[in-house]
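Below you will find the structure I want to go over with you.
Chain IDs A, B, C and D follow the sequence of writing; residue 1 opens each chain.
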Amino acid sequence: MPLTNKQKIVNDPIYGFITIPNSLIYDLIQHPYFQRLRRISQMGLSYLVYPGAHHTRFHHALGAMHMMQKAIEVLRFKEVEISKEEENALLIAILLHDIGHGPFSHAMEHSIVEVHHEEISLLFMNKLNQEFDGKLSLAIKIFKGEYHRKFMLQLISSQLDMDRMDYLKRDSFYSGVAEGNINSDRLIQMMNVVDDVLVMEEKGIYSIEKFLTSRRLMYWQAYLHKTSLVAELILTKTLKRAKELLNKGIEIECSKPFHYFMSNKVTSADFNDDLLNTFSQLDDFDIISALKSWQFHNDYILSSLSKMIINRDLLKIKLDSEKFPKELTDTYIQKISEKWNVSKQDAEFFVFKGKIKNQAYNKDAEPIRILKKDRTIEDVVEASDQLNLKALSKPVIKYYICYPKQLVEN
Amino acid sequence: MPLTNKQKIVNDPIYGFITIPNSLIYDLIQHPYFQRLRRISQMGLSYLVYPGAHHTRFHHALGAMHMMQKAIEVLRFKEVEISKEEENALLIAILLHDIGHGPFSHAMEHSIVEVHHEEISLLFMNKLNQEFDGKLSLAIKIFKGEYHRKFMLQLISSQLDMDRMDYLKRDSFYSGVAEGNINSDRLIQMMNVVDDVLVMEEKGIYSIEKFLTSRRLMYWQAYLHKTSLVAELILTKTLKRAKELLNKGIEIECSKPFHYFMSNKVTSADFNDDLLNTFSQLDDFDIISALKSWQFHNDYILSSLSKMIINRDLLKIKLDSEKFPKELTDTYIQKISEKWNVSKQDAEFFVFKGKIKNQAYNKDAEPIRILKKDRTIEDVVEASDQLNLKALSKPVIKYYICYPKQLVEN
Amino acid sequence: MPLTNKQKIVNDPIYGFITIPNSLIYDLIQHPYFQRLRRISQMGLSYLVYPGAHHTRFHHALGAMHMMQKAIEVLRFKEVEISKEEENALLIAILLHDIGHGPFSHAMEHSIVEVHHEEISLLFMNKLNQEFDGKLSLAIKIFKGEYHRKFMLQLISSQLDMDRMDYLKRDSFYSGVAEGNINSDRLIQMMNVVDDVLVMEEKGIYSIEKFLTSRRLMYWQAYLHKTSLVAELILTKTLKRAKELLNKGIEIECSKPFHYFMSNKVTSADFNDDLLNTFSQLDDFDIISALKSWQFHNDYILSSLSKMIINRDLLKIKLDSEKFPKELTDTYIQKISEKWNVSKQDAEFFVFKGKIKNQAYNKDAEPIRILKKDRTIEDVVEASDQLNLKALSKPVIKYYICYPKQLVEN
Amino acid sequence: MPLTNKQKIVNDPIYGFITIPNSLIYDLIQHPYFQRLRRISQMGLSYLVYPGAHHTRFHHALGAMHMMQKAIEVLRFKEVEISKEEENALLIAILLHDIGHGPFSHAMEHSIVEVHHEEISLLFMNKLNQEFDGKLSLAIKIFKGEYHRKFMLQLISSQLDMDRMDYLKRDSFYSGVAEGNINSDRLIQMMNVVDDVLVMEEKGIYSIEKFLTSRRLMYWQAYLHKTSLVAELILTKTLKRAKELLNKGIEIECSKPFHYFMSNKVTSADFNDDLLNTFSQLDDFDIISALKSWQFHNDYILSSLSKMIINRDLLKIKLDSEKFPKELTDTYIQKISEKWNVSKQDAEFFVFKGKIKNQAYNKDAEPIRILKKDRTIEDVVEASDQLNLKALSKPVIKYYICYPKQLVEN
């Protein structure tokens, strides 16, 4: 009958319940560094397309931990030995794998800090390891790829890891892009370990194919949906403008931590405890609140871009499989510069082009391995009975151009 | 084949797709007043209990409109005449019924403005009616209860309206409180109209019973869950403190619109166009950003309360069916005042009590009417074959007390 | 990596996967006695109302076993000790709890054999225990209520057992009566054991209320739906007629085992191994195939009744909270007897009345016990903050009358 | 308020409700020819793998009609004109498209009658057209491909028709093979008509890709799952044996209609009204009841094969991408013939091989057409940005061999 007073169970619409297995993990979740993830949206600005997509990195991290619990259960059922200590390390590592994400990180990884989020995750883990008397050491070792049992890292970070398992399912659930829903239960049931390497049993091959197709679909239908894309590009431009103004000594209203990162170029080397603390105060609320305020700034460019996002009145965007010619942007920039009476350089905040790329399966990265009935192991691309897995490993590139819709409407 | 360039369809994980039926409604949705609802959470601080509960009033309003479309379809199938113009008015009225909500409105209806959100909704509708050349007139007439076909108001606001139909379903979906899920499809299928009054066909009676039980459950399990409750109470206390400080001339950091409402007592009579505009700039981001900043304010009370919410490190709360004795709060206040070296008055920010009440079905309000097989009409409470509907109409009252957990832990 | 060649996992649309934990249970499932349950529909003739309701007792038994696995996991997490042997016994007992059901057992429990299905379940278990060298002994002991740890029986058979947990969920899922869906995950999470007695934690009280409302709804909306009811009543009449004909020496076409039970009155005392074997050959296919053949029998009554079910062209049925007067049936019988030129006695195959009863919670049976926060234990009816649990324990009685629709149509 | 007394709404766990739009369609559904479909399983013997897969052709036909209603609604929203009469014809045609299916038709199309089920569907439609005074004429015209508006046939029968739309979704739902779930809502939303030809809008292209992957997966994971496959092959062998015995004058027990088809070779030319009636009495119950009885026949082969299916104690089956060598079957046959003391010819009932083939998209059949943003139309394979649709149109062939498991176990 006993059950300690620390809350042990969290409701989840996808899995029913997520169990928090022990008080160390409970305490990590309670830590302000982790609670911060409640204020960071998992899908950035995608809610402008899919109004349900407001779920957070907090929720995803719990979900990924739940997937890890299932995976451990399945592997133990198949007589893969995983010690109590290893189990705990796996749960901690997956729980904290994304703790280094900043707000809107896809859009802003280079606008705010010049550091990859995984690197910051590691900084947070090390900091927490101090606070928790070294209890995270094994988790960190696994996360850094320094542990000899390779499959443990693969469960955390590979082409079929618990991270993807949860985020595809969760993003599909909350956005309502039903086609993105994967059968994570089945995928996990098909996992096994041979010589400390993660493999998938052969009868799971169609589920993997389906998983990769779902991932491909989620990229084009959600993560790279043209409306999300243009919104994130506008956000990047807005930050660029904000920095320019600060550089010129023009003041802009925003929270202190955000102001710090807008005024200072921060690289890996700069990250000491203080900076990490400042970073830990930054979340979606700083950015959106700033945009709300900047709508009324008297810099025309800053206010225009901010309004676009706040009122979802975005630039027009076109996608194509061919590059857009430089002449086209030149013409648009010329027109805008005349029409709005701004310099050509400033017009480039409203007219720009670029490319996006996605690859459902990366043949050059560590493969998804299939354990065949004859006990040999093969890359999933070879093991499939059809060419579409090969096809899925070809990268797809699309080109975009963005410009004010007034350009075409009149 | 034709389809105009205005986006006509929105993904919804609950209904699959929500269709935007015409360009007037499309333009209303695009209006900044309505887009603001994207930044107001439907369930306030409930995400501190149910981490998935981040859906917004924007999404709910679209969902309620979708339910209305279904209801109109069903009623027309049953040969209830609803003209094209009436249809449009119904859709607009339900779409805008909640547009007057401020951030965290359950907690803050009296902290920010002394005006009921329905009154503000009406102000917004009137303003939009001007902008849209009177095209909202019939919607407003229905919303104000001035239209002769009474069932139309009942579809928008009654004990079984499209608002509840959507929010129970949606809150259940996003929070994962599965028991709250109602069968809105079936409930709508059971609707009919007799003499311009909304009725439910008799065979729907068990679904109504289930609907009321679900609503009761959602109240105690989610809306009045003790953790949501204490968080909202702390939020109210925080705003109270912020106002006190401002009154004393001590500055606090927050957005301009929020500052306005913290510094001025606003009532119905004050609402002109300007004030409405200021109100329209206020959303969850202003509040949460302020709390984030206030964590570092040097007023101990303001910073303590703010941190509680931001880090989800809340006061302890107890619920009971009996009132808590005054002596108990007195003792707690005494202890806190000594321990933290604050005045008794200030200690009351941390120790307080009160009561909450819920009633699944209100017998004194307009009833849910049952159309019996013999064509007579009866209040659902009478028509049921059992006493539990009667039971559900008894209000339930619970008493709470909140205090710092340090009081009991040491 | 190892996994034996016995299939260990079964797909289930409700739970994702059901794991078969060991080879003893695997072998029990493979046994023809258990495979027979694949041919017995869980909801009898309800598919005439809900066309999806074709799921079987086989599937339900697996589902109930899965629920039991979850319950054991939760209880162990709460430090209730359950040995490996007890675990296995619990799984076997729940798996086999319904193995004694005959086809359409609600309609036919008294038409085919005069023995309660639980008694036959026990006969099957004993037989299997012989075949499996006594490995079912503990399961049987628990099932018979002879084991000292009382909660184990309660998990198998009580007002909140794994049987109900699965069948409500499953019947709701397959029929599409969404309101019947219960939150079994949450209910199980709330279970605990005190002094070897099953209790529910207090915070689960709304879920229990919801569970009882769902059960009540499933009774009136599905199990006792008037169309299911009349179909089952007609089936009972058909068997009655078939027996009469056999008694008169008139032959009827049907399978051998079915013929045996139609020609012999079987009671408890008759059940030896041979009879059990004959019984084990009986399933829905015998009954429906017989009806199909009897459509062309030259006994007017037998053929008419059989056609009604096969073509879903049923008698008219009316339900009321008041008894139907004897005069009404008399008049109908008179009319039918004239119109169809049959004796009054034969007319009674087409005109009859009776009553049905349901009680969502039985206060006289073993209660659902609530473990309150102060560690006392209370009947759920007392512990609830409202009267509707009391209301739910009042039995509801309804009266029905059935007659050919031609009586009213002309 | 009016609503006639014919039941107008059917519960469906997938779509919520299916509306029966008028009394002609209601009467068709009530017809014994259509009611028969309640007794024909949609997925044949797949329930031996997926215990939930007991849904029927009756339910599927209603579901496909529901999909058609949605498609008509979407097309009309896009200003495709569809008259009331055409609408009705479309609904009738899709409702009856599968009415000619016999029991276990994938396994038995050549064992029972030498006629394709679509041909028999047409015979039923013509018969019903007589009974219903020519009201099915337009439906029949469309079904036969004789109507000038080609898209109407495409909605009923093409590579993306309402039939597939429902059966993939339904088979996935009831079996629990979650990966087979397609987003039919979205697919239908993407439909349009140009020059009376069905097209899909370009932004639906990923959903089509997902649809084809789902279909491919359902083939290998469900329809051609090795256990379903071997069960269906055994069933075919059983019927073959039954016919041989009848030819030799040895009697076997089974229902009259089944006996007729076992004793007579029936081709297209034989189908008169009487034969159609006999065929209409045949369903799954005849087959399974016969197998149950044949378990006790004294022909060893007939009884062995029958028991295999009834007790799910099947032959061993192996699949491979290479042909199995003739020597292997020869050896197995030799062994069986010795071990069981049967002729080699009889041993072939237990040892046999063959191949199966599936193609997710058939490039030689009528294509799925994409309506591109520039208003040109292209085959989906060309329009996709990647090669995997091309890959999906390559047929996959697998070879199988079946033999008694005793052969390998000892």
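By definition in this document, contacts are C-beta pairs under 8 Å (C-beta built on N, C-alpha and C of every residue); 3 or more make two chains touch, one makes a residue touch a chain.
Here the structure is a predicted model, which is why all the values come from computation and not from measurement.
**Q** Decide which interface, B-C or C-D, involves more C-beta pairs in contact, and give its chain pair.
**A** C-D
**Q** Please indicate which chain is farthest from chain A, where distance is taken between mean Cα coordinates of the chains.
**A** Most distant chain from chain A: C.
**Q** Find the geometric centre of each of chain C and chain D from their Cα atoms only, then give the gap between the two centres in Å, rounded to an integer.
**A** Between these chains, centre-to-centre, one finds 31 Å.
**Q** Quick one: chain B and chain C, Cα centre-to-centre, how many Å?
**A** Centre-to-centre distance between chain B and chain C: 42 Å.
**Q** Enumerate the residues of chain B that touch no fewer than two other chains.
**A** Expected reply: 16, 178, 185-186.
**Q** Chain D touches which residues of chain C in the complex?
**A** Interface residues on chain C, with respect to chain D: 10-14, 16, 30, 32, 35, 38-39, 47, 49-52, 54-56, 58-59, 62, 173-178, 255-256, 281, 283, 285-286, 288-289, 292-293, 310-313.
**Q** Write out the stretch or stretches of chain D touching chain A in their complex.
**A** Per the stated touch rule, the residues are 178-179, 181-183, 185-186, 206-207, 209-210, 213-214, 216-217, 220-221, 321, 385-388, 390-392, 394, 396, 398.
**Q** Within their complex, state which residues of chain C touch chain A.
**A** Interface residues on chain C, with respect to chain A: 1-3, 9, 16-17, 19, 77-80, 185-186, 189, 192-194, 371.
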